[in-house]
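First chain A sits with chain B, and in the next complex the same chain sits with chain C.
Here is the complex of A and B:
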């Protein structure tokens, strides 16, 4: 039983981590609270839904489509909307992303109506057992892909020139600009990467739960929790935070019942922030 | 010259004014046409957009249908129905504000209620404040009707009764179930629904092996299911909304949590259940307020002929949300025609005394506005169809015990 609870928490945590990373990089690096992130995740899910129903593709094979689709959308949003008001500060950009969220929801509503949509591939619900612990294939695959994306993203930020320019911009935009970095383009790229990751998470999410244009709002608490607990902008931090949240959820359900899940979760959240005010791996600067 | 010019302008103004009057005359005449203005704040966006939109579709279809018949007969004169809709965004506070706007600013004659108990609880308080009759199409959380309101009427029987027939059906099956587990969303509708079936199960000699509440927005049920798996219940009662039920049963399959009978509060009867769950949605039971195979006969339709009417109009089977909306209109129509007036107190008094059968079912209200004559139907998903098994249908029977997930 304990093993099962551990595995449940780990699998759920992997998803939380990755979805949290997508929010955290924009929040931490660009100081923008993207309130449309949840809906961008759902748009990724809709791309998967459309591709699997119209083209007959397996949901997992639609990952490139949702990544590319959301990358382009994210780039455009940053270039033609957020960059225009970026100097207005946190409140203005938050208002903009709030409005953008409403627009995206209504576009989704026009195209797909308020119906619940889901995918149900043939392997849905199949699982295997290891030492008495049941491991569902889909959830395991979601976990592996989510962790893989998180690791690849961290390597991209650390090992590539573009990644370094993004980190340099986060550290000091003016100095980065003096070093020849195009700030506007860097912001576009960062937002596009965050959106693409969100889109990928949408593909994975629709395998777990049905979606409607309004489902994105459900992610906000998790997005904020993972980003803040992990440390704004920290990818390894978000990974750790996601897994901790998944574990806390799973164990609190076992020991206190699911009714107390949110109470325990918030208690742990507060306790961690009391002792680690910048989160697990947060720093004053995120470069 | 100046005088002539002034005369020209005066004459021009008079002619122009006459033209305006002539042009607006049909509108003027039209606005004098007898009308009943009905207001409804329903969820067109937000978490309940799907269900709210279906209820609205029921209202719209009723309006079109009744106007096609000439309108509502109020004291011997036909009145066309004019509907005013607002989107409450699935938010109770917004819905209450919009209902107040409908009454005080739009000056509607009548109110048709929103979708869901949580929202109806707020809007009915406004109706009560202004002495407006509210017919609640799909809001049967018991507490909504326990506040001493005099102008509120429920189309449905109370939530505590929703799943009682499931327990009654279950104990008649062979091998007889001995235990049950119940998992329920902490919500004004799902809690009484599951508590009702739980009470009935205990009275019928079944043993409770698990009872757990979960909060809104729970997506991971693996913890609960792991615990339930260890208890090996015969019956699994699940109370939650559509996304909750999908996640719960998908994860039940993933973790191979089996029972002889699976239940949901309404969701297996939801129009999207079959397309989203496909074969994983099989064998699940749910209560449905209305089904086309029900045996009811009304003044305008039978259950079957209403479905035929709907199919002819929309090319699809009628869903129960829309049927609830449509019958709310019929109920209002019957009450107005009997009262012979748009006076709220008279309409309320007629509704209080009404005892009628419609295509939807029977209507008889107690002093709290609860429909004590309505009984939920029970469907089971069988071979991709939501088959009505209670009230009993010729050739339809419950599939019991459900095969394990691995045997399917």
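Here is the complex of A and C:
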């Protein structure tokens, strides 16, 4: 029983880590709180839903579509909306993403209605057993892909030209532009990468659970918790924080029942804000 | 040949005129000093050259190309590098990564990370930071941070280098080291515009000096001409005299 709870927590944690990272890089690098990120994840899921139903694709193989679709959407949002008001500071950009969230939810409502939609791949209910612990293939797949994306993103920031320009801009935008970096474009790229990662997570999410246009709101508490517990902008921190939260959720479900899952998560979030406001790796965040 | 020209440069911040109708021309290959009391508009003038502030009035040309309206990163890529008065290193990065960023983005041509790394190592050896390349910024001394500022500007292979009070806060020995390094850079053909309060340094290295006072140009000439210019003596020595007087009074009151 304990083994099962641990494994459930770990598998869920990988997913939380990755959506947390997607939110955290925008927060940490640009000081922008993207309140629409949960809904962007859901848009990625809808792309998968639409593509798998219209084109008959296996939902898993729609991953590139949701990544590309959300990358373009994210780039546009930053370029034509956020960059125009970025000078206004945190409140203005937060209001903007709050409004954007409402607009995106309503667009999803118009197209897909309020019903829950899901995918049903042939491998859906299949699982294997290791030492008495049941592991569903889908969950394992989600975990592996989420962790893989997180690691690739960390390497991208450390090892590539563009990654270095994003880190430099995060640390000191003024100095960065005097070293030849186009910070407007860097911001667009950062937001686009965050959106694309969110979109990919949407595809993974709808493999396991059905979604409605409002599901995105449920992610917000996870996004904030992972970002802050991990230390803003820190990818290794977010990875650890995601797994911790996955465990918390898994154990709270076992001890208090699923009805209290959100209560416990919110409580943990408040405790984090009080006792660990800089997070696990607060000293080394990018921004 | 002229490398940088300013014609009637003016910068207003609301009702305050920080730079007022300043004309100047910098020759290719020279070391051009810029001095003046605090608040004279020196750093503002540098910010106009970099494009950090838009020019209110007047025109600026770099090697014949008009700079008005260009963005800071575009101006940087034309070949104007800058080292800062307040050290603006990327604190979460190593010494090497700090310089690497300039190497990758500070020049016109894009290059891959391997080439950038090679150039970075070369520049770090040149400024004497080679052994400390893997240190994080908080681990190095102020003098080393100034060298890092210089390295970050140099790695962009600038034709014109702007140095904003890089000597401030250094001891005599460190000032001499840095002066030596600036000479070396200049001998390699880089034109240098230097803002400095350390008089010994600026008089010692500059070919020509411009003096700003309340945003206006009050003198332009060789170090010798500047040292003998009455208006400069009035602005500079007068101010210093007043400051010393104030200090003396402050001490006697403390007793």
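Assume the second predicted complex is superposed on the first by the 258 of 287 C-alpha atoms of A that agree within 3 Å, B and C clash if a C-alpha of one lies under 4 Å from a C-alpha of the other, contacts with A are read in each partner's own complex, and residues count from 1 in each chain.
Operating definition for what follows: a residue touches a chain if its C-beta (ideal position, glycine included) is under 8 Å from a C-beta of that chain, and two chains touch if they have at least 3 such contacts.
Just so it is clear, the structure is predicted and the values come from calculations on it, not from any experiment.
In the superposition on chain A, A:174 contacts chain C only, with no contact to chain B. In the superposition on chain A, A:209 contacts chain B only, with no contact to chain C. By the touch criterion defined above, A:223 lies against neither chain B nor chain C after alignment on the C-alpha atoms of chain A.
Measured by the number of chain A residues touched, the leading partner among chain B and chain C is B.
Legend: residue contacts after superposition of the two complexes on their common chain; A:258 is shown touching chain B, with no touch to chain C.
Judged by the touch definition given at the top, the superposed model places A:241 against neither chain B nor chain C.
After overlaying the two complexes on the shared chain, residue contacts for A:5 are found with chain B alone; chain C is out of touch. In the superposed model, A:36 lies in contact with neither chain B nor chain C. Within the complex formed with chain A, the residues of chain C that make contact are 50, 52, 71-73, 76-77, 82, 84, 88-93, 97, 100-102, 104-107, 110, 112-113, 116, 152, 156. Put simply, chain B touches chain A in their complex at residues 44-47, 49-50, 52-53, 90, 186, 212-215, 217-224, 226-227, 230, 242-243, 246-247, 250-251, 253-256, 270, 272, 275-280, 405. The part of chain A that touches chain B in the complex is made up of residues 1, 4-5, 8, 11-12, 105-106, 109, 113-118, 120, 124-127, 134, 136, 138-139, 208-210, 212-215, 217-218, 221, 246, 249-250, 253-254, 257-259, 261-262. Residue ranges of chain A in contact with chain C, taken from their complex: 159-161, 164-165, 167-168, 170-172, 174-183, 284-286.
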